[in-house]
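In the two complexes that follow, chain A is the common piece, with chain B as its partner first and chain C second.
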Partner chain A sequence: MSSKNEWLTSLKQPLNLKKKKGLIDFVIQLIFLILTIISASFIVIIIVFIGKEGIKPFITDNGGIGNVDLIRFLTGNEWLKGTAFKSNLYSVGFAIINTLYISLLALLIAMPIGVLTALFIAKIASKKLSAIMRTIIELLAAVPSIVYGLFGSGLILVFVYNLAKIFGVQSQGGNSVLATILVLAMMILPTITALSEVAIRSVGKEIENGSLALGATKTQTNFKIVLTSAKSGIFSAAILGIGRALGEATAVSLVAGNAQSGPSLDFFKTTSTLTSIMLQGLKETVGLDYDIRFSVGLVLMAVILFSNLILNYAKKMVGNVDVK
Partner chain B sequence: MSMSNKRKRKDFVLQAITYAASLIGVFILSLIIIFIFKNGVGLINWDLVTNDYHAQYYNGGINEIEIFSKTVKPSELSESDFYSNKWGLALTDDINREGRAIVVVSYLANDSPLHDMYDKNDLENNTFALEIGNIVSSIKFENKESALSVYGAEKMINALENETEFREIVFSSLGGGIRGSLITTLYTIFFTLIFALPTGVCSALYLTEFAKNNQFTRIIRGMIDMLTGVPSIIFGLMGLAVFVPLTIRYTPASGANILSGSLTLAVILLPIIIRSTEESLKIVPDEYRFASLALGANKTQTTFRVVLPSALPGILTATLLAIGRVIGESAALIFAIGTAVKDEISIFGKSTTLAVHIWSLMTDEPANIELASTISIIILIIVLVLNLLVKLLSKAYLRNA
Partner chain C sequence: MKKLVLLLMVLLSVTLVSCGNTATWDSSSKITLYTRDTSSGTRAGFMSGIDYAEAAEDDSKLSAGFVTKDNTGILTSIKTDEYGIGYISLASLDDEVKGLKFNDVEPNVANVINDTYKLKRPFNYVTRALDDFENDREKEITLAFIAFLHTTDGADIITNEGAISLPSSQSWDDIKSDYDICSLDNSDITIKFGGSDSIEKIALALTAAFSPKCGNFIPEHDHTGSSDGFKRTQGTEKDSANYKHIGFASRPFKETEKGTDDTQGQLAWDAIVAIVHLDNQLDNVTAEDLKKIYRGDYGIWTDLLG
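This part shows the complex of A and B:
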């Protein structure tokens, strides 16, 4: 309707036509721009607000308890010495090590399986089989993490508990480093597979044909030429996979066992990661015990950022090596 | 010749390894589905969806009785239904959604004197009635010890049959239902989409239709992309630090609530919606835009009438993905919406979505794996169907484009 009116008025005032068009465009563009800036600003809001809350424990006296010592916080090996709300002796040093240790091992398990599955989907399977396999990987990626957590605590814990028994170790109901690694490996497997597949697919046909022309078999070419040519993309898959592993929360906290100190390197020992610590004891809503969660969040963000930087640097190094 | 045989064998082994690796993925998915169905399918029924989570307890008293029931045990009742002729009541042993033994009313005769019971806690309560499916926890008598459900339905019914009066029957509704969490999930989907869709679609329109290719646009794009790498628990912290205080200040809310949860989820979804919409906007041929502009339409009209309709499949895809994400999200919502399972749902109050309901069940002592699995079945089916829909949709769209 309004367009018809617009059209009529524009007929009446043909000279104004251009100006009016410009005005509407300008207003709409402005509204869109504002919404875009809002969308983009959330990354800043996240950093500023979590930063603000997360720094509080270190620079205020936390209602008389005294400020938390930053060095002790980053290096200590016990979450809280003393009683909650009465002590400022918080540390996450052990949880940083746990988080990195568990994520790396999960990646170590998921990487070969994921890359080989990707190779299967992209190069080896028939068209039909590869479509089915791709759907299965997509469904695995769509399973929510809470369902992985439920599956982990219902089945993986039992498995790990029995495995520990075979080794003569009494694990705490299966809650352990190993269970956490297994659940995380399952969760990052679809991410790694999907991204590796894209990387493998984008390898140039000429490289492949060159290898085949030189007398290499199809399988030889897939393993020696295609995989090495796709390594930069596969590395990106690993980076995304480890990012997901570092930040995963609910599933991990259901199988980790919430150890209060560490680090836990023994496979059958309970553990806790930065995320599982954040999900502990959610009842507090004020005071240091509440604010400290944001500090852990800040540490988690820093850990993710640093590992990303290091891995991206490593990726560049790998990318520069010539294919031999 | 032997060399090539060796090569063949090696190739076969290498190929077999990729088959084996792929089977692991198949194995994991099947294991998850089998595990969840095996544990959860027993509790699936319509009552689960309509029942409250928290059981309502009642104390039923009764006045002196003149006429007792004359109904004999109906033939449809089985051996395991223990029946009292005098009271026209059948009780049976069962197991509730937490896995504990309970005694359930399996039959109540029309002429049962128990229809005349009154609510001892609320004498004005006119809707008060013992119903089939109610859980009887104890029957208390004046001059003898109470009949408790822990000793089973048979002992309970015998104790009742021997008496002509009782002090009270303590009974409850079944409980353990997910009605509240289901409603919260629907509210959360609705509000999240209301916040995220317009913002996301308009941002995508700006970036593809209006933005100049300059430093500013690149920075904006980079900032939106950065959001995808943030773990959801960090979004939860942001919800706690930003949206919870915001909703407390401007709404009747007093803590984490559905609105703060939806706002948090909206932020998580923004990059997904923007990306998906942009992808579909890029497919719209430039000729459409030029034709529209050449016909005298201004940029705004072109955007809304020509470009946007062509991008609708992409927006629909984004919406479906968004719904799936909302249903599955747990870490962010544990902070931004709370973990208290509720039956009375208000958008300004605490409650849990289905995913957080699972979290609450799993962190209870002891964990309720059965009910958690049942909810997982519901979530999994919805999420998997949504994903397959997206796949079909994009396939159909690509064929048309």
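This part shows the complex of A and C:
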């Protein structure tokens, strides 16, 4: 993320500029700085708010129910043991595993399809076709998640149910790990395609021409030169894609089956993710059962942060080649 | 390679969707349970209706491997899942799933009203004791509202919100001359409603329709649960800041909740129906059957059908 550097320079610049440039420049830069601070402070406000609510279940006695055990919360394999509103035995350990497992597999499906589509649009398709395809991808990216969810519960569930039957497995109405992966893969595909396409298009023409001049075919150039040169941008696409997959709630809760325990690794078993657990019954519940969802939100934010750090580290390892 | 795999999957799905339902129904299959989540009022009603109230808010009392969905989610899943069983509110039942008879009684509105279909819960109301209103105007409006509940106008609203109204023969226009208070301007009066949150939607719709008919009094809704219905009108909290003029309970009033004369009654039924796939051979269940299914005593359909 280069935003950190920009942030630092934007902090320093107004001070340096005083010497040479006019007052107007200084004022305008100051306004920009203030706007940046405002937008950045939203994340702080959100974290403080979620954090405050999310820590409550662990440090208060929750109206007589007793405080939630943090270790149990992070490692357990059953969402709630005992009666709702009376028990404090919550845990999301299994859901953390489910969330990572599902998001990773969704990424595995969406990545090759997305990147190859992007390559086609950016390098192979004719101008007209690529313009049409780009619009379609942008449209797909704008489809709200509830629509993907309805599509998933209408078609994907039936598909998975029948697929399971062919494998001789009786699935639970198709509500399963596989259905969730398929819906998520579909959802993150446009994000990955759109961003990869930008990365591929920004590969320098001279690199490409150099490869062609050395006698490589167009296909060899596309795969060995263009894709490898754009890998950093493609990695960014993967990071945003998995971010969306990790945080998706509505569509997931319609097809996952909302298992109350786990982890579920079997493709045809019901599952639940951190987000689907947060969403389930959210509108009707009160007290600890409500507050604990903020704690799940905290865990989710930690999981997203952690996976982003890992992917960013991997991106740095992969390196970068002349991408403008 | 991956693209090829995907292509194959797409082809497979097309063939599957087109020839999905050719297999016959196999009673040795596992029963797939569908349930609402622990905060659902329908779940509370269903579990107490099958005499398994301890499972209303405790998932560990249910047979393992159940699927948690909302009302529509259960309905659509049962359309696909030949071996599933779930429950929905009677108002959402359609002919793409099979609504099971409960103790040999067909699930329909007529049987709910004549009280033969038993898988249901009453929606009840309770008002403050008639001599315990701050002033006569509040009391008159409260009484007018209760009368409105039993008119055809009230019944229409209740039906629209998915519950089953009690039979009524008079419209509000027929009886409004008995309630002089409603011809006055009541926009300075606030009437407080509370109790069951399952009834909140209905209560909101009722007051939204009734307030303009009765001098635009201000309805104030604060629905916190059935037990607060009595508590905040005639019980321990009746004089607290949380007091209510009218409370609701989505269950019968308990022995300890007997109010003074003419302050309690019923406004509707909330009926729940157990549903299975159309191909399922099961037509009728008892409370005992459903309890055994949801508790996990019956694992496969043969256990139940014999």
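As a convention for this text, the second predicted complex is superposed on the first by the 275 of 324 C-alpha atoms of A that agree within 3 Å, B and C clash if a C-alpha of one lies under 4 Å from a C-alpha of the other, contacts with A are read in each partner's own complex, and residues count from 1 in each chain.
Heads up, the rule we're going with is that a contact is a pair of C-beta atoms (placed from the backbone, for glycine too) under 8 Å apart; a residue touches a chain by one contact, two chains touch by 3 or more.
Quick caveat, the model's predicted, so the values are computed rather than measured.
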Sticking to the clash and touch definitions up top, decide whether chain B and chain C on chain A clash or fit. clash
If you stack the two complexes on chain A, which partner ends up touching A:T83: first (chain B), second (chain C), both, or neither? second
Looking at the overlay, what does A:L139 touch: chain B (first), chain C (second), both, or neither? first
As a test of reading the superposition: which chain, chain B or chain C, is in touch with more residues of chain A? B
First, second, both or neither for A:S126, with chain B first and chain C second: neither
Return first, second, both or neither, reflecting whether A:A40 touches chain B, chain C, both chains, or no partner chain. first
Tell me the contact category for A:K165 with respect to chain B and chain C: first, second, both or neither. second
Once the structures are superposed on A, label A:L157 by its partner contacts, choosing first (chain B), second (chain C), both or neither. second
I'd like to know which partner A:G297 touches here: chain B for first, chain C for second, both or neither. first
Superposed model, chain B segment overlapping chain C, candidates 27-35, 81-89, 117-125 or 243-251: 117-125
Footprint intersection on chain A (chain B / chain C) at 112-113, 116, 153-155, 254, 285
Along chain C, where are the residues that touch chain A in the complex? 2-3, 6, 12-13, 16-17, 20, 23, 29-30, 32, 34, 37-41, 54, 57-60, 64-69, 73, 76-78, 80-81, 83-84, 197
Seen from chain B, its contact residues with chain A in the complex are 7, 10-11, 14-15, 17-22, 24-26, 28-29, 31-32, 35-36, 39, 198-200, 202-203, 205-207, 210-211, 219-221, 223-224, 226-227, 229-235, 237-238, 241-242, 255, 267, 270, 274, 298-301, 303, 324, 327-331, 334-335, 339, 355-356, 358-359, 362-363, 367, 369, 372-373, 376, 379-380, 383-384, 386-388, 391
Sites on chain A touched by chain B in the complex: 3, 21-22, 24-25, 28-29, 31-33, 35-46, 49-50, 52-53, 112-114, 116-117, 119-121, 124-125, 133, 135-140, 142-151, 153-155, 186, 189-190, 193, 217-220, 222-223, 243-244, 246-250, 254, 275, 278-279, 282, 285, 293-294, 297, 300-301, 304, 308
What residues on chain A touch chain C, complex-wise? 78-86, 109, 112-113, 116, 153-155, 157-159, 161-163, 165-166, 170, 172-175, 254, 257-261, 270, 280-281, 284-285, 289
